[in-house]
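Each structure below is given as structure tokens.
Shared between the two complexes below is chain A, which has chain B as its partner in the first and chain C in the second.
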Partner chain A sequence: MSPKKRVAMELDPLFERLQPAEVFFTPDGKQLFLLLEPERFMDGLVTLKNAGFSHLSLVSCVDWLERGEFELVYHLLRWEDGKRVALKVRIDRENPVFQTVLHLWPTARFYERDIHEFFGVVFEGNADREPLFLEHWDDIPPMRKDFDPQPYSQKIFDEREYQHPFVPHIVQANPDRLPWEETIDEAKKGGETNGGK
Partner chain B sequence: MAENNLELTRNQKEVELFFGPNHPGMHGNFSVHLKLEGDTVVQAEPVPGFLHRGFEKLMERRLWMSNLALIPRICVPEPDINEMVYAMAVERLSELQVPPRGNWIRVLILELARINAHLMSIGGLGGASGLYTDMYWAMTERDWILDIFEKITGARVYHMYIVIGGVRQDLPEGIVPFILERLDGLERRLKEFHDLLYKNPVLHARLKDRLILNRSMCEEMCITGIGLRATGIPHDIRRVDPYAAYEEMDFDIPTGEKGDALTRGHLKLLEVEQSIRIIRQVLAKIPSGPVRQKPFGNALRWRVPAGETFEHVESSRGEYGYYVVSDGSEKPYRIHVRGASYPQGLYGVQRYMPGTRIEDVALWLGTMDFCPPEIDR
Partner chain C sequence: MPGYSLHRENEDQLLDELMQQVRNKEKIDERSMWQKIADWAQARSIYMLHYCTGCGAIELPPTMTSRFDMERFGIGPMATPRQADVLLITGYLAAKTLRRVILTYEQMQTPKFVMGFGSCTLNGGIYYDSYSTIQRLDLYLPVDLYIAGCMPRPEAIIMGFNRLKQMISSGDIQGWKDYEKRHDWYRKNQDKALKGEVYVTR
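Then we have the complex of A and B:
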């Protein structure tokens, strides 16, 4: 039996209760990702927590720009046998609102605050929405796929003018040689004259 | 104006205090905004962001191969775990098999890194409690371990040695006696560390039965690692979900009972002993053969098959993981870092730091295994 099927069978009774819309495996079949409908999602988390998956490793968010969706991923671990499962839910990208899981895992407060800051997802029931890492941020949330850092940094930071031209000047002067060869030669010359004195 | 403010705080008996990177007891670039009533903390608000360099966004803009040079920077005291989880994720998605020798060398590197991080943390305990002798000793011992890294990988702190498919190169000649000699030296010193720190009346007065992290707090915050093991639960990713060659290693998981700060500190020394034990096994039994399976052709055009995976390892501070999503292109689609100290560093500070005394704030952060760069990312 392939490992894929073995995992699936061991989780079978749980599967039925969760009624996942889609199931994803890693190629070796050792990890399981269950996509749930938003209205079934909280029940699914409660079911898994009661089944021993009480360790919340991480709450992630993925921006699927082309599909117009955010995907929230809750990674759970059961310590007793080291089994892992991740529950996924898709929410609308234009109106990104989802329920909080604070009542199940109080520690999710900062994961949700993090996702709110970097993706703009609002978690109803989690009032903690102050920026955590970014200061004076005035653009769209930066981890979204349509945020491009390059124009942003060009807008915010002035282009610096260097007093001493860096590599291009040296390359132009001696196109056949690499810039550091010149430097090494100069250093050698300097060393000889100093040594002579 | 200043007098008015003073008057106001006198009436309220509450003082606000910024406890940040300028404080000598602070572990790295992190700050906590404290409200104090007398010497007691009544409110604590974690304010990270000093080290936010946008790693996750940067990783989405780099090739799978070029990320190898970037990721070790996420965790300064223990960079190798980053390389490990990243390599594990790509190997799982593209179904690469690491040769046995590669896996064994990975265990060697990860355990050396664990010793390294624990020694730094033990030294930090000395800094926060005023026992500077301990800090100098621990840093010296750490430097001896860094010499081993330099011989194997060519670098002292950021090694970039664990790569996709195995490790970058085989162990150099004559390294085994060198490592054994250094480990013997460290083992002799561990007893002195024990006497210096954990028999010290000053440290007992400040740590014993204080700064408690009990079982229900661990469950609430989802804390892993030493914090959890100090309450008597022997949970260790190396044991429950083995990676690399840990399945073949014989080691114990030291646990405590009380969950106080002294126990947590003591467990670090015991874990160093276990790491030494694992490294000796690796050196005695390491199989021969290739150390790396080269992945898919030209490194500048690597494409990882579409899919997603969450990889985790046991770092010196607990569960450390990456959530990696690939859309089949030359760059990762999304990588999310699970810092091992994220729960206690943010939620823990806010929820459980109030009630401690001002002089224990630095110790609180130090003994909770706290690492700002992996929180900021």
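Then we have the complex of A and C:
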């Protein structure tokens, strides 16, 4: 049996309660991702925690710029058999507000603080919104896809000025000849002229 | 010019000789004899502050330990800034780390030297577009010597240290004096990169 099928079969009784909108697998088929509707999401987390997935390994965030959505990913682990499930939820990018999971996992405090710092997602109920890594940040959150780091870097940190900057130039390839043939011809020509002198 | 042929080769030679004379004249050693002796001794006993900022620090253990053994050149690691001579900035320097590095540098006692290590301290390296990593170290601290490379091998580090030793014993090294003399200029750059808050003790 493929790992994909086995994972799906083992979690089959939970699917009815969870009612995932979409189901994804990693390419090796060992990890399952379930996309839930925002209003069913807390219920889904409680269901999985009751089913033994008591460990919250990670909370991460994905910025889908074209879709206008932030995707929060909650990675859960069951210690009895080492099974992993990740629950996904998509929230509005313009008004990124979601509920906290502090009452289920107190360790989520730092993940939520991190996501608030780098993506600007506000977790209602988590009062800890102090920046975790950045000091004196004065722009949009830096992990958002519409943040361009290079102009910001040039504005803040002065660059070294070079007298002879490296300028890449495109060499038009001759489709009838292979590149090394031209190199060999040039070498031959150079050898002849030097020999002539 | 009388006495010299106008042949091109000789003209170049003449220019070289004149330039050499000018260079020799410019380089007048103004140090007192005791200063020369102190510099000679200083160059033979260098304590390097073991403060690793970036990934370049991984090249230091083989340099310090038995494989390359930099102690045979009189260079050893030192744990506290107050007893160290050289501050080695190993690799990329985040703005957050730069605050701590400036504090560390200013705690060191003179004479003190700064070595920039790897391409990140030279021009930003692969972090050239990072929102939190500095591009040029010599804007914020007086760098005496750069070791280029990503990463420089232990041979390059030892070569850099030997060059530093030559510079110390010949009295060429002026970085820490420059930091005192042009402190306003350095502070202006530090304020720009660190948004006004330079000293932090947390």
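The rule is simple: the second predicted complex is superposed on the first by the 157 of 197 C-alpha atoms of A that agree within 3 Å, B and C clash if a C-alpha of one lies under 4 Å from a C-alpha of the other, contacts with A are read in each partner's own complex, and residues count from 1 in each chain.
Keep in mind that, in the parts below, a contact is a pair of C-beta atoms (placed from the backbone, for glycine too) under 8 Å apart; a residue touches a chain by one contact, two chains touch by 3 or more.
All of these numbers come straight from a predicted model, not from anything done at the bench.
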Quick one: classify A:R160 as touching chain B (first), chain C (second), both or neither.
-> second
Please indicate which partner A:H136 is in contact with in the superposed arrangement: first for chain B, second for chain C, both, or neither.
-> second
With the two structures laid over each other on chain A, which partner does A:W105 touch: chain B (first), chain C (second), both, or neither?
-> first
Tell me which partner A:E124 touches in the superposition: chain B (first), chain C (second), both or neither.
-> neither
Given the touch rule stated above, what does A:P27 touch, chain B (first), chain C (second), both, or neither?
-> first
First (chain B), second (chain C), both or neither: which does A:Y152 touch?
-> second
Would you mind checking which one, chain B or chain C, touches more residues on chain A?
-> B
Please write out, lowest number first, the residues of chain A touched by both chain B and chain C across the two complexes.
-> 133-135, 142, 149
In the complex, go through chain A and note every residue touching chain C.
-> 133-136, 138-139, 142, 147, 149-150, 152-153, 156-160
Within the complex, chain A is touched by chain B residues 48-49, 52, 54, 56-57, 61, 92-95, 219-222, 224, 233, 235, 237, 239-241, 305, 307-310, 312, 319, 321, 323, 325, 333-334, 336, 338, 342-343, 346-347, 351, 376
Going by the contact rule at the top, pick out the chain C residues touching chain A in the complex.
-> 95-96, 99, 122-124, 128-136, 139, 189, 192-197, 200
Which chain A residues qualify as touching chain B in the complex?
-> 24, 26-28, 30-31, 33, 54-58, 60-63, 73, 75, 77, 79-82, 84, 86, 105-107, 109-111, 132-135, 142-143, 149
